[in-house]
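Common to both upcoming complexes is chain A, partnered first by chain B, then by chain C.
Up next, the complex of A and B:
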């Protein structure tokens, strides 16, 4: 039993890191422009497919990761300019409805382009190590480390990069940032592109763990929403902790019930968070 | 009678009469289709109380609809002789129970938090219904027999396609009148005032929470009613009807038709279902690509929906 719990802890942390990568893009986008991106999970899905196609043609996983991030990042920029820029200043509810429309289009586009069958990416890091009674694939740990590295890079970029400082300034005060000469609309587009690229990267990292299907987007959107709310909307560190927390909860729950029922635990976690600590679990209590 | 009110009643009678006569001239398939539009229209109207009037976007209307559907299914399966009115009552009670939970959240959460919570909440019901195979039939759903249209001790006849249409039409028309009355009453005005400016409504002295609770309960009840009607028409219940897709489509009906008009969402439902029927013959599932693009464009450029757009054009 103890061994099972430890294995589930590792599983939860691995899934949690991939989820954290998805959620940090979502929370970044929300923090800076009050956009709740309903299509975020579909960007994960499109990233997975783009990666799968690239890997199938070139055989190089890392190239797939790069191509998917760049392509979906550019696509995200296009999406932001065409559909979200006209909505700036309107209610966040309008953005959730508009991006819901986009999510419908993307999902059916993927069905049309890539077909209904699941696509797989072979694990780029072969080999397994012994984890109690299991032969645990190294790639699972690798995926978690890579997700962590990307999030770390984002953190450093936001903290020290010139454009990162622009982003933080715009998040804090849009009008003041504009007054200081920061091109705010450009920053918005850039942030959406970064968020989309991160979603795509997590799609590629996730693909060897399971498979890419055109319906997986909604699942990711839902989980990312839960994580972002539990972590506190717009709070990057909170989202990462919340992603780990939610994934661990689900991993432990699936020891008792089937995995399809285990998701209820995270649903309940969200509802309890909203009822008792609506600002988020992992943020200091507002004064 | 003031003039606008008379115009309304004339228009109402004409539309209901047209809808009542329409199935007589239609082939069987389109008769059923028309009934279905009315049922989805009722669901769309019910969500309009929240989305259009109170400004709370619910992404979880499938929970109310689904519980109405499964509630009616349970009543029809458990009773030895299926009874229409008991099915309706049980369906409504099930939906009301869910609505009470959602109402409790509604008092504490606003805007996107409400939208996300309703979405997550409806998914809980989906997962439960999908995985609890012994009771709900799981993925296969439940099949049951259609109850006869009966008043105990007086008469009992089996539904034909046309009489079922009339029955549904009567319920939907009455629901519309009730909803219209509610939204035009002082209560409805307070709801709209919450949508426009919640802090000010509170400052004036209205107990905003109570109004929201009642709004959610009403919305849930009418959504549950449409679920029970669907059960009676289709004689089966499946977890797909509790899934997010239904809630999403309800939002589409509202946006396409025009939020906050009651008639708009029904028009939106009719428009969407007809488009789907027409387009899916050529494009199978891909009809959602052009439809989704049209929907997104409408959110951006035509936030008042088809009805609002037409109204403005007529006024010009």
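Up next, the complex of A and C:
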């Protein structure tokens, strides 16, 4: 039993890191633009497909990761300029409807372009190691480390980079940031592009663990959304902790119930958070 | 340098500015007096592009800036110190200053110069440069707001009630800062409730009432004959 718990801890942490990568993009976008991006999971999906196509043509996984992040990042910038920029400052409902619409369009596009069958990316790191009773693939750990590295790079960029300070200033006070000469519309587009690129990277990292299908996006959006609410809307550190927390909960729950039922604990966590601590579990108590 | 001609501004359905006309010359300190709610802050916000005037023209150095995006207004050399200071509370003092420093065309040497100057004018900001903006006292936040505006090397600073809620000791410090900026040939459009400070710091004043400029005079004339101030401000 103890061994099972330890294996599930590793599983939970691995899934949690990939989920954290999706959720950090979502929370970053929400924090700065007050936009809940319901198409975020579909950017994960498109990233997965872009990566799969690139890997199929070049055989190079890392190139696939890079190409998917860049292409989807640019695509995200284009999406933001054409559909979200005109809606900034309007009723949040309009952006929810707009991103939901984008989500549907992207799914149908993927169905048309890549077909209904799942696509796979072979694991770039072969080999397994012995984890108690399991032959555990090294790639799973590799994916978690990569996700962690990307989140770490984002953190350093936000903390020390010139544009990172612009992003934090704009997130805190859009009006004053503009008055200080920060080109706020450009910062919004940039943040959306970064979020999209991170979603695409998660899609590529996740693809060798499961498969890429045109309907996978909704599940990612939903899980990332739960994480963002539980972690505190717009709070990056909170989202990362919440992603690990939720994934660990699900991993432990699947010891007792089937993995598809284990998702229920996420919703329970979401409901309890909204009931008892709507500002989020992993943020300081608001004064 | 800065000219407003018949500027009207609305917030939703309420008509706040009913045709403001005023001007500020290079290096000049101009006071904008009036009771609460007469539209002084809205005048500054209209200049800064934070609210869009419905009518009228605002020009800066001969260029029409009416309704221009705020960040572009800032790039032209107009800095804004709002009434509520609006420090980036979760950014350190240094990062707050960097929001104005991280712009194109600024050499490393010039950056250092600007920072040194600010730390010299406001030693407390130098001591607290790695502290979060939100942990500063009200007076320190006011200094940071002014220092942050100075990072833009502005030609004019729109200063909205800088002494509001400050201790007397801080008020005299603000007076010194205004004098120092004036010495550096930075123009200031000063909105203040403190009539004494405003008349002392400025060369001319406009007095506003209900969204209109009712009176303008040199500060010396207003000091000699404060009847207009009594009339429009009730003091």
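The working rule: the second predicted complex is superposed on the first by the 287 of 287 C-alpha atoms of A that agree within 3 Å, B and C clash if a C-alpha of one lies under 4 Å from a C-alpha of the other, contacts with A are read in each partner's own complex, and residues count from 1 in each chain.
To be clear about the criterion, a residue touches a chain if its C-beta (ideal position, glycine included) is under 8 Å from a C-beta of that chain, and two chains touch if they have at least 3 such contacts.
Just so we're clear, the structure is a prediction, and the values are computed from it rather than from any experiment.
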(request) Considering only touches as defined above, state whether A:168 meets chain B (first), chain C (second), both or neither. (result) second
(request) Name the contact category of A:275: first (chain B only), second (chain C only), both, or neither. (result) first
(request) Could you look at A:104 and tell me whether it touches chain B, chain C, both or neither (first, second, both, neither)? (result) first
(request) Specify the partner with more touching residues on chain A, choosing between chain B and chain C. (result) B
(request) Go through the superposed model and pick first if A:62 touches only chain B, second if only chain C, both, or neither. (result) neither
(request) Figure out whether A:138 sits in contact with chain B (first) or chain C (second), or with both, or with neither. (result) neither
(request) Classify the contacts of A:180 with the two partner chains as first (chain B alone), second (chain C alone), both, or neither. (result) second
(request) Once the structures are superposed on A, label A:93 by its partner contacts, choosing first (chain B), second (chain C), both or neither. (result) first
(message) Looking at A:129, would you say it contacts chain B, chain C, both, or neither? Reply first, second, both or neither.
(response) neither
(message) Going by the contact rule set out above, which residues of chain A touch chain B in the complex?
(response) 36, 83, 86-87, 91-94, 96-98, 100-105, 107-109, 111-112, 218, 222, 225-226, 229, 233, 258, 260-261, 263-264, 267-268, 270-271, 274-275, 278
(message) Going by the contact rule set out above, which residues of chain A touch chain C in the complex?
(response) 162, 165-166, 168-169, 172-173, 175-185
(request) Over in the complex, which chain C residues touch chain A? Could you list them? (result) 48-50, 69-71, 73-75, 79-80, 82, 86, 88-91, 95, 98-100, 102-103, 148, 152
(message) Which residues of chain B touch chain A once you look at their complex with the stated criterion?
(response) 55, 57, 59, 105, 108-109, 111-113, 115-117, 119-121, 123-124, 127-128, 130-131, 244, 248, 251-252, 255, 285-286, 288-289, 291-293, 295-296, 299-301, 303
